[in-house]
Each structure stands twice: as structure tokens, then as C-alpha cells.
Amino acid sequence: MFETVLKNVSEKTPLVHCITNYVTVNDVANIVLACGGSPIMADDIEEVEDITSICGALDINIGTLNQRTIASMVAAGKKANALGHPVVLDPVGAGASKLRTETTFSLLKEVKFQVIRGNISEMKTVALGSGTTKGVDADSSDEVTEENLSQSIGFARELSKKTGAVIAITGAIDLVSDGERTYVIRNGHPMMSKITGTGCMLTGVVAAFCGANPENLLEATAAAVAAMGLCGQLAYERVQAAQGGTGMLRSAIIDAMSRMDAACLNGGMKIELH
Amino acid sequence: MFETVLKNVSEKTPLVHCITNYVTVNDVANIVLACGGSPIMADDIEEVEDITSICGALDINIGTLNQRTIASMVAAGKKANALGHPVVLDPVGAGASKLRTETTFSLLKEVKFQVIRGNISEMKTVALGSGTTKGVDADSSDEVTEENLSQSIGFARELSKKTGAVIAITGAIDLVSDGERTYVIRNGHPMMSKITGTGCMLTGVVAAFCGANPENLLEATAAAVAAMGLCGQLAYERVQAAQGGTGMLRSAIIDAMSRMDAACLNGGMKIELH
Amino acid sequence: MFETVLKNVSEKTPLVHCITNYVTVNDVANIVLACGGSPIMADDIEEVEDITSICGALDINIGTLNQRTIASMVAAGKKANALGHPVVLDPVGAGASKLRTETTFSLLKEVKFQVIRGNISEMKTVALGSGTTKGVDADSSDEVTEENLSQSIGFARELSKKTGAVIAITGAIDLVSDGERTYVIRNGHPMMSKITGTGCMLTGVVAAFCGANPENLLEATAAAVAAMGLCGQLAYERVQAAQGGTGMLRSAIIDAMSRMDAACLNGGMKIELH
């Protein structure tokens, strides 16, 4: 099943329209390319509908949102909805400012998202309208753990039912749920949190995978989450071997994604269905 | 001749004013430094004329254009024209949206460009007003090949005559023409298309080389194109040796440019004059 | 003393609000993480006060300023002042355009800065209202040298007294002064000037160190400057060993910062108090 997901990405080279933040945009573009997609970054209101029309998926990331780009996000989202393209939301820092929280709700009202991916604090804000986001990182008291796993799965399921979107909550343990089935994924490495953009990059990969697998969004999202975590593990091994640091980790994650194939993913993914 | 081009760059350290996209801007700045130039990124209408006045060349790249920066591009372009500085256009994604196509034509009308560099689909849009751009990548049916080479050279020549600019069409085979003479360059590696920004980076290098060689724009542009392709080859060798991927390739291209000298370029460039 | 500075950073994980340029923003975020802080980039006027309120320090960098972000800088600065958070100014390119020079003075008037960090040409502009900035690099005729050292220390002291801020002037020799005491730091490597963003990255590290050490801004700033220089040296050694170039240097600097500890800093810093 996950093999089919990867095969579709490499055969279709999905074009992904990204309206994303300027902090991690280069990494997002490079990892979308590395995973087999083709990224286009465009955020002017005069062109977002044209651009999204020639793409297969839309990635909306509110990382460095501003009044100008918020309007473009809504316009692109509505157009992608009309065309039936998967639209993925990354509510970066939802809960950290009134603007981010309100924009998240406004987007959820105006645009139908097929996937929402965030850390647990951001996702609690999406669910409850308030969160305890510590800046753009999750609050450790919110984290998904082995102890609260079934409760967390319940949260993911409910949020999926409420939003109608596949929900991807990422952290030490990742959850991907469509409201019925939930994948629990235990790939990844703690060092990934020491670089900026692993979440943004993952959302770009999710968009590419969903663009190539619009009939199978749950497995496309789960495959992207597992692949990204596995890339983090492989990159960490490289960094350790070379006595490198976080600069090398960033580059090695993209390296690993560019070398990922079905055999590597099947051999390394730690995934179970609940 | 190409030795003189490089010598002028290293002796003059040309300042390059870049109004470019936020996706690849860091790579552009770093490769302009690596090739011997000094980049300044500035896009506010209140300062672009000041900034371009202290520079030796202007790089206009429409990669993530918006209403605010389009006005700045025009103002900077007019000022650079008045001062006699080489102005280089990178029409990223021309043909992919009405905004990009119209902005390209508006820029060509308002500003005199000394060099225009793009992939074949972008350049067909520049020539014909319409193209078959697949997002920001060239459509494969448009590609310059050995089979259509003389026809493609004819296209480059005509476009140069029409625009008055040196035309650089880059892809598997690169063409650089001033309307009379055309260089055909066969450096580069296919893996370069798996990272974002090789085109933007090249345009920055073209601007730096032209800023240091304003009397010899054709050879300055050809040298930049060949050097960039050679850097791609050298970087690919590094990546293969280290079993790396596209993250490493990106960094290794800048590495190679920072180590490039006349001996390396002369030894590695695959160039012929038509 | 410098050990305490580092210890506070690693124990407190200071959140740093950065309003910075889009050229080097990713490197700034990654090095703030590498040094033990947590960065948040946000520049919309509707959220900068919220964001700065949850942070421990504010980094204002005018590298690609525009009308929209200048207003956000002022609003964030005033809020951080009201909350007693350290505010650090990086006047990138002050002197290169009227807009940058005037914005620098406007910021100095509206916001109280605890630290100002720049190259010597930028700092002369801060002091005198005019400078001989060569783009975003220092003019070599301005450089701090062994010959003009005591005069340069005098300049730093006076500027600190005038502005009420800790002054960090960085170049081949770095000066950090609070108007009474001045640290002279001789870490660093010339190759650092061949990549973009070492100054911006340093300012981010200064903000993180000051956020964790608000009672000891002089030593926090001096430790950041010495650590960054030492990272440049360590990175250069890596690059030489691997026959790499400037692409590798950039990544290796972040690697070195992510591996920096008190023993490494104490063993490598070349610092004296004047």
C-alpha cells in the first residue's frame, strides 16, 4: 500500500503550490523536489489562482503570515477546493498570537482542508480555539506519550471528524487519523527539533504525496510522516558518523529523502494501525 | 578570453543588486560571493535606486513577485539603465500565470535588459507571449536537443535581435547568443534539476560576471553558464563519492564555485562557438 | 563568568523574536536553535506585540526592510521595552541607502536598544549619521586594526555612552563595549566574510544570550561574539580538511555552534578586557 503511494509520486511528479513562510521556504522546495514532487512558490493574490490551477496540491503554511498573504491563502484555497485538489494546512504557531489563531479559524471556515498537520499544541488550538503553544514549539505538557496514547488517538479521531480532514499530529510519537483509522508512527529522532523547518518540510511532502494519491489521503499522509521521520533517523546516523551538528542534519535530511525508495521505507517505517 | 572574464571578477569584486525571490535568495547571495562578487538584496521602492547606484550590476528575478516588488523592479531597472549598469532578467515561471507573463512584458517594455536568462519554456514565453511552462520547470517537449540544435540556435539569435539582449537559454544543452555569435555549452548534470535555485543562482553569477565585464557581455554570460554547469558536475562527483543526495549537491555547487579558477574552468568547460 | 552565560542559555532556552531579512533568516533561526535558544520569526504589525510578549529577547535586523516591516519593528521594539526584554539592533547596510540610514535613526529614537551590533562602517553611520559602507560590507579603510585599536576602543566606548547600548563592532578584530569596559576579541576567520549572514547569525546569537542573561549584557554579548568567531575557525578547519568551500563553511558554522560548550569556548576564545 505504501509502495503504491511512493510509486504514484515518482510516476506523477505532482506539482505542489506552496504559500509558505520565508524562514524555511528553501528547505520546503528542496524536500518537495527530493521526494519526487515539483514545488511552485507563489503568494500574490493576482496569480495564486492561476498557479494553483496548474498544480495537483496546495500547501498553506501560516509561518510568517501577513495581511497580504492571508488573502492569497484564502483565494488559493477556494480555487483548489473548486478544482478538487488536496489542500494541506500547517497552522504554524497557532495559539502563539491572536492573528495566528484567528487566521487558522478563518482559513478553516473559508477553505475545506483535506489534511491538517501540526504539533500537538497547534492542533489543540485548532480543536479548542486555545492552546499552550510555546512559540512555534509544542508545550511539553501537551506531548503525545505512550501513557496518554489512547486518549491522544481519541483526540485525533475527534478532530478529524470535526474538521473532515486527515489529522497529522507530529512529535516524538506521530498520529495520523481519518476519524476511523489512526496510524501511530514511531520514526524520527529528537535532534530534528534542533533545526527549523522539519514540520514545514513534512507538510510539503504530505502535499506532494497527497497530490499524487488523491484517492488515498490517509495512507499518503502516513507514508509522508513515516518517510520524514525515517529521514531524520538516517540523517542523524550520518551526523554522528561525521561528528557533525545541526547544520549537517538539515542537509542530510534532504539527502535521505532524495534517496528514499519503497524498500528503504518498508524496511524502516515503525507504523501500526489503531 | 574567459580567463580575462574571471580575472576581472576577482579584481573588481562587482557589487550586484538583486531583487529576487525569497525561495532561493540565500543561495543566490552565497554563490555571488563564491564567484567573487558582492551581493546586496534590497526591494523597497524607497531604496532601490540608492542601492543600484552603488552597485555594478542589477539582477531582476520574478520568482516570487508581488505588486510591491514589481514596482521596485521597474524603478531599479530604469535607474540602472540611466547609469549604464548591466541589467539581467530571470523571468522565472513566465507563462505559468498571467501575472508573470504580463510582468515579463511590462519589464521588457520599461527596462532595457543586457542579458535575459531562462529555461526554454520561459524564453518561448518571452519570445512569443505564450509558453507551455510546466510550473517553474521547462516543458520537456520544448527542450533544446542535438536534433533541434540548429533550429534552437536560430531561435536564440532571433530573440537576441528582437530584445537587444544577450540570450541565455539553459537546460541539458545551454545556448548563449548575442544575435550574431552563439555559444553552445554542454556542461552540467541532470541532478541539478533536482534542487531549487540552480537557475536563480546562475542568473546571479551572470550579473556578477557582467558587472565586472560590461564591455564583453556575451563572453561574461557564456563563462558564467559554463562555470555553473561545471560546478554542477564537480558537485555531483562529490555527492556520488559520499553517497549523498540533493541536500549535499546544493552545498557542493557553492563549494565548487568558491574554488573555481581559470585553470579549472578552461580544463572543464565544454563550449563551442556557432 | 562566560560559563555562567552559556549555562543560563542552555537552562532557560530563551525564546527570541526575530524581525529579520529574508536573505539569511533560515541561518539565523538555525543558529539560534544551535546555540540553545528558540527562534520565532514574525513581522506582521497585527502580531508582533503578541509574539514579542511571549519571548525573552527581540532581534531587529534591517537587512531587507520595507515600509510594512519598519512599522512592525517599531511596534515590537516599544513592546519589548515596556516588558523589559533585551532588544538588539543589527543596522545592516546603514549608510548604503537613505532609507536604511534614516530607519536606523528612527529606530534609535523610538526604541531603546540594549545591544547594537554591526560592522565598523555601519557603526560609524550609527555614530555619525553618515558612513562609507560599501554595500553591506565594511569599507576596508574603516577597519579596526592593531594600529588604530585604542582609537577604535575609544569610538566604541563613546558610542555606547551616547546610545546607552552595549556596542559590538565586528570584523577581523571585534570590540564589545558598555562604555566602561571593552572586550577585544580576536577569534574568527577571514573566510567568514565569503558567506552571507555571519553578521545576522551573530546578532541572533547575541539576542539569545542576552535573553538568558538580562543582568549581564556585556558578557553575554562578548561570549556570543567569541563563540561565533570560534565557530568560524572550527568550521574553517573542517572545510580545509575536506577540501570544501563556502557552501560547506556555512553549514559547518552551525554545526560548530550546536556542539559548542563551556570547555570548548573557554579553550578557544581569544579575549581580553580593556
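We call the chains A, B and C, going by the order they appear; numbering starts again at 1 in every chain.
Following the convention adopted for this analysis, a residue touches a chain if its C-beta (ideal position, glycine included) is under 8 Å from a C-beta of that chain, and two chains touch if they have at least 3 such contacts.
None of the values given here were measured: they were computed from a predicted structure.
Peer 1: Counting residue numbers used by both copies over all numbers at the interface, does the chain A-chain C contact come out same (over half shared) or different (under half)?
Peer 2: The interface is built from different residue numbers on each side, given that under half of them are used by both copies.
Peer 1: Superposing the C-alpha atoms of chain A on chain B takes a rotation of how many degrees, nearest 5?
Peer 2: An angle of 120 degrees brings one copy onto the other.
Peer 1: Would you kindly tell me how far, in whole Å, the mean C-alpha position of chain C lies from that of chain A?
Peer 2: The separation of the two C-alpha centroids amounts to 33 Å.
Peer 1: Going by the touch rule set out above, which residues of chain C reach two or more other chains?
Peer 2: 22, 26, 250-251
Peer 1: Spell out the part of chain B that touches chain A in their complex, as residue ranges.
Peer 2: Touching chain A: residues 21-24, 26-27, 63-67, 93, 96-100, 134-137, 194-197, 244-248, 250-251 of chain B.
Peer 1: Which positions of chain B touch chain C when the two form their complex?
Peer 2: So the residues of chain B touching chain C come out as 15, 22, 25-26, 29-30, 33-34, 38-44, 46-47, 50-51, 54-55, 68, 250-259.
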